[in-house]
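Listed after this line are the structures, all set down as structure tokens.
Consider the two complexes below, in which chain A is the common component and chain B and chain C are the respective partners.
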Partner chain A sequence: MRTRLRMWTLLAGATVVLALPMPAWAQLTQHDLASRLGMESHVGHLTGHAKDAKADYRRYCVGCHGELGDGNGENFPWVDPKPRDFQLGVFKCRSTPTGTLPTDEDLFDTLARGLDRSNMPQWSTFTKQQRADLVAWVKHYSPRWANEKPGTPIQIPAEPEVTADRIKAGRDVFARVQCWKCHGVLGQANGPSAATLTDDLGRPIAAFNFTEGARPKCGDTDRDIYRIFMTGLDGTPMPSYADNIKPDEAWDLVFYLRTLMSQPSKEKEMAKKLDLKPVDPNAPAGQQ
Partner chain B sequence: MRTGMKSRLCGTTPRGQYFLVTALVLTFLMLSGSQKANALPAFARKYGLRCSACHESWPMLNYFGQKFKDNGYQLMNDRDAPIWQNPGYWPVTFRITPIWHRVSTGEVAVDQGSGVSRITTSGFDLSGLDFHTGGTLEKNFSFYVLPSSDATASFHFETVMARLDNLFGSPWLNIKLGKFELDNLLSEKRILTLTGNGGIYQLYHFIPVGDGNIFGQMGDNQLGIEVMGHSYNDRTRYSASLLSSTDGNVGLPYGNAYTGFFTASQAFDTGKLGVDRIGGYAMIGEAPTYYLTQGGTPLAGSGVSNKTFSREGFVGQFYFGQHFDLQVVTQHGSDSAWFGQGYGDPIDNPGGPNNLTGSALPAGARNPTWNGVLFEPHYVYNPQLIFIGRYETIRMSQQANGPGSATPAPSNLGNISTYTVGYRYNPFMTSRAGFAWHNEYNWMHQDGTSPTGGNLNTSELLIGFDFDF
Partner chain C sequence: MKKPDLVLVLSMLVVVGCGALFFGRRVSAAGDGKISGTVKLDGTAPHMKGIDMSKDPYCVKANSGSPAHLQIYEVGQNGGLENVVLYISEGWTGSASTSTEVPVFDQKNCMYSPHVLALDAGQTFKVTSSDQTTHNIHPLPNPMTGNIPWNQSQPPGAAPIEKSWKNPEVIPVQCNIHPWMHGWHVVVKGPYATTDASGNYTINNVPPGNYTVTAWHEPDQTQTQKVTVAAGKPGTADFTFKAK
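Then we have the complex of A and B:
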């Protein structure tokens, strides 16, 4: 009797130990994923097939993003920012409104561009077909793509000519929507809220420092910068300002942000001639 | 009796239960632990990428790894400069390969019997040891230093170079200075095979029988300066190197002779097949044949009376989907007739001829020329298992001693054919360490080079653990 009790105790203990990793597996299993291998992507005339990307994902991506696409690869403890959890279906770099899925082109472009200030390199060596296949593979991790359609890309009006007035107007927008609270009045990522920022998973996250010469994560053209604050970076504290900034004002803000960046630009030259002062958070609203 | 045996095996006795459960738990814990290897090869540790991201099979580069190398060991993001690394980061990797091999060489000259004998030997052995250290000193300033030993731990500098990357903000202009591997698309330093004859590309080292030119070996790291450029995505590449004609030997032991090495290639996006590349190379140089002497011994650094040599060919890297690829290199080589007569290196070979005043080529002396090709197919079952094959052949098209000479050489003298097959299995694939179970067989045949003038056949079977950390 005593022996039997001991046996059951041992077996129960072993079961507990063996079951320890189960919560992670319980979210999504290889079986679930296998049923989604028919996922496709469509980029231009290319059709990507998830099943064709398995080998490339294993070769290039799994070390960070993990077998189950949950961002829990072997490098998870060592890299910062943490690898993206594809199961959530939430992406920073989109052309679509906040809260919506990105288009296949968005993911396709992100693969080639890489993400500065992270461990995600530029995978520009892939063929376009490989990239399209990998986009389909990324999509197959999240059930969102089975239930939702990607958002409609926002409209970006033609870029106007930069003028001194526009730069000054951009400074006013910077003050009004309180970009400085996180990015700092000089764009040095040292605003009063900067130290408190966390992403949607509760991990500390840094605001973008405009002055250190890094490329913005989601592209460094004027249109990319426009898109970033009009769509927001989902999963981060950076919201969409589509409801707060008119399209024309958005271009003003782009021009002003260029003056904060360390890279040489005509906006920077013009701001220097204007002797443009940083915003003053302590001044009354409208006079900052 | 049978029941008792069953009890013990199935663990229904108390001791069996303990054993079974403990074994289960320990096995699970060990297997769990083995997924978290913490070795730290230099670049993988820096960027958090698995070996397979840059290597088709370690150490052979894939396209992404080639681009990383062409960018000066940079991914071209903000993590490139060492200032962003943990101060404890030190970019060092060592590599060594304990092996068992069996080597069989036919017709070795011996004192016994008929004067020649086949020698077959086998046993456990070691490769040399490499200490690789490389990376960036600052953004767009890169370096590579590789002290390398032979199997007896006698070290030399295999590579020492610094590189200025992306000059004027352009990937088309990068300058490298020091001792480095030539820009061979099919890199011998990253070869997947390890046997004595299969572990090198014969084309990269071929010297005709009796030829004294050691300077045209494109597989040896050379001292010089290289200008290299590439397109943003590395589809288009070029390089031009100016090298001292010393075959990588330091201390200016020969003379004031230089060699140029030039490459250009273009890659094509072939959809599902992958990215295929074709290119060409040319090595054109000269090296001394006449050395001043002191007491009859040639003086280092005094070489003059330079003579020319050349190597040129095409390179193709063809991918047929995710599993199969074929690497092809061709070569046409030519040496001056002086080299063909053994002139070229009296420093290392004091008994060799010295082109002293009044020397003349013998009647019938000609430029030795040859043609060669190598095919190297790979079947990549997955990033952890690759099967390798290679066929390489070199055929003399003109012997140094032609029909008009006193001792005309047979037309096939020195021709080489060699076959290599093998596989490498990496039992784990992480961004921390490299380990391969390596198994390979090489067979090589050379016409007319045995002590009796017959053909020389050698073979080698090798099994080993190839690892770096």
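Then we have the complex of A and C:
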């Protein structure tokens, strides 16, 4: 009796598996928006469906991001920074290398986090399912998801213990890769190149000011900060430093950046005790 | 005794001549054909403004010998125009990139060298930095073409970056740290050439056939000409641009 039941289950399962892939293949070959409504997202155990996000998008997102997802909603003239153009498939907040697509989780996190100092609020009021559906909806606007896979997330080693030596080493990294060219020696966003920065569409953009109590746009945990300078913020002047800062040095830099931020931190207190001076922009390369 | 000698010499000449012709044709068919010519600028070259690099003392010092200026119109002897890219826009049936050459795009004295880098779609190129200052190399293709923008830092002593572009497109390249740094990656399909300081160019490896050659000059000036490459007879095409 039991074996017969198992056989039936197997047979039914095989039929479902064999029947499923056909419509999915058909969708991948078409590129117009309507045909991409089958787009899915996968976040943890959740599966988001683009078609289920239609009502939420029209109600909450369309005003800025627009009917076609090109960032040209009716609020476009009045918002700055400008709404993201989803058709381009280029995103600031990614765990993946520069020039690659973000993961579904990256977009899911951005939705909940919002983007500080912009008109993009925290959408933490949505259920996780709603957010997963909206991620699938965002993806359906760009042909890139039909042709490319998301990049492989960068590896972030476990955070080491903060030490005075690490903070000093972080200052050396800050000097060597010349973060101060835009962010300024004190992190006040007043470096020599700060005034002329533009985004990929040629619009003026400001470097992050560490001293105003603002949260970095792509998150304010230590791991977020690590990720920001290693992956870069695509679409902006902030490049990726993954090729030029080793993982261990990257943690040193995170600790040093904490000393520049106005928020109280262990690193800030340690820097005070060390009487750490800002880097010298006039020192020749390699001599700080 | 004299007559047979003459016949012999004549017949030998004919044999050698035929052989040479035949050999020549075979070489051409193997891809030895060329399209060459000269690109000139009509009239006087517009004044190229000097570049203020005072944001970065390193860059000022690096250019103290000969101050840097804009490179839109680099005009040489007899009005020859440099940095014009020539490529086959119609008639090219060859396959994807077969070139094993890896062109270098260097950041030198806070300028791009070369200012215009021509590339075949899929061809690997290298980005290097000869400078003791940090650059960020930030090409700005239109993502809708299938070429994806990226942005990487190159501090002093950084390793070269190896990349390629998937599809033909004229891609502006910039450094956000040094906003005067502007260059071009001109991605084409098939063989290409860039004019030298005298405006001369040669596109190599063009098999016999009828082609349309396009000449591109920044930011968006193009001209085309029909060119025929015959066996053992390279094609020629001269172009003249007007200063904009």
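Following the convention adopted for this analysis, the second predicted complex is superposed on the first by the 257 of 288 C-alpha atoms of A that agree within 3 Å, B and C clash if a C-alpha of one lies under 4 Å from a C-alpha of the other, contacts with A are read in each partner's own complex, and residues count from 1 in each chain.
Keep this in mind: a residue touches a chain if its C-beta (ideal position, glycine included) is under 8 Å from a C-beta of that chain, and two chains touch if they have at least 3 such contacts.
Just so it is clear, the structure is predicted and the values come from calculations on it, not from any experiment.
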Open item on the list: Just to be sure I read the superposition right, which of the two partners does A:Glu67 touch: chain B = first, chain C = second, or both, or neither?
Closed with: neither
Open item on the list: For A:Glu159 in the superposed arrangement: first (chain B), second (chain C), both or neither?
Closed with: neither
Open item on the list: Quick one: is A:Asp56 in contact with chain B, with chain C, with both, or with neither? Answer first, second, both or neither.
Closed with: first
Open item on the list: Contacts for A:Asp280 in the overlay, against chain B (first) and chain C (second): which applies, first, second, both or neither?
Closed with: neither
Open item on the list: One more residue to check, A:Trp78. First (chain B), second (chain C), both or neither?
Closed with: first
Open item on the list: Between chain B and chain C, whom does A:Glu269 touch in the aligned arrangement: first, second, both, or neither?
Closed with: neither
TODO: Could you say whether A:Asp248 touches chain B, chain C, both of them, or neither, answering first, second, both or neither?
DONE: neither
- [ ] Overlap the chain B and chain C contact sets on chain A and report the shared residues.
- [x] none
Open item on the list: With touch defined as at the start, can you tell me which chain B residues reach chain A in the complex?
Closed with: 14, 17-18, 21, 24-25, 28-29, 32, 35-36, 47-50, 52-53, 63-64, 67, 75-79, 232-234, 269-272, 274-275, 322-323, 382-383, 430-432
Task: Footprint of chain A on chain C - complex, ascending - done: 55-58, 132-134, 136-138, 140, 143-144, 146, 148-156, 158-159, 161, 176-179
Task: chain B contact footprint on chain A (complex, rising order) - done: 3, 6-7, 10-11, 13-14, 17-18, 21, 52, 55-56, 58-60, 62-64, 74-75, 78-79, 114-119, 121-130, 214-215
Task: Residues of chain A that touch chain C when the two form their complex - done: 87-90, 98-100, 142-144, 147-148, 176-178, 181-182, 192-193, 196-198, 200, 232, 234-244, 282, 284-286
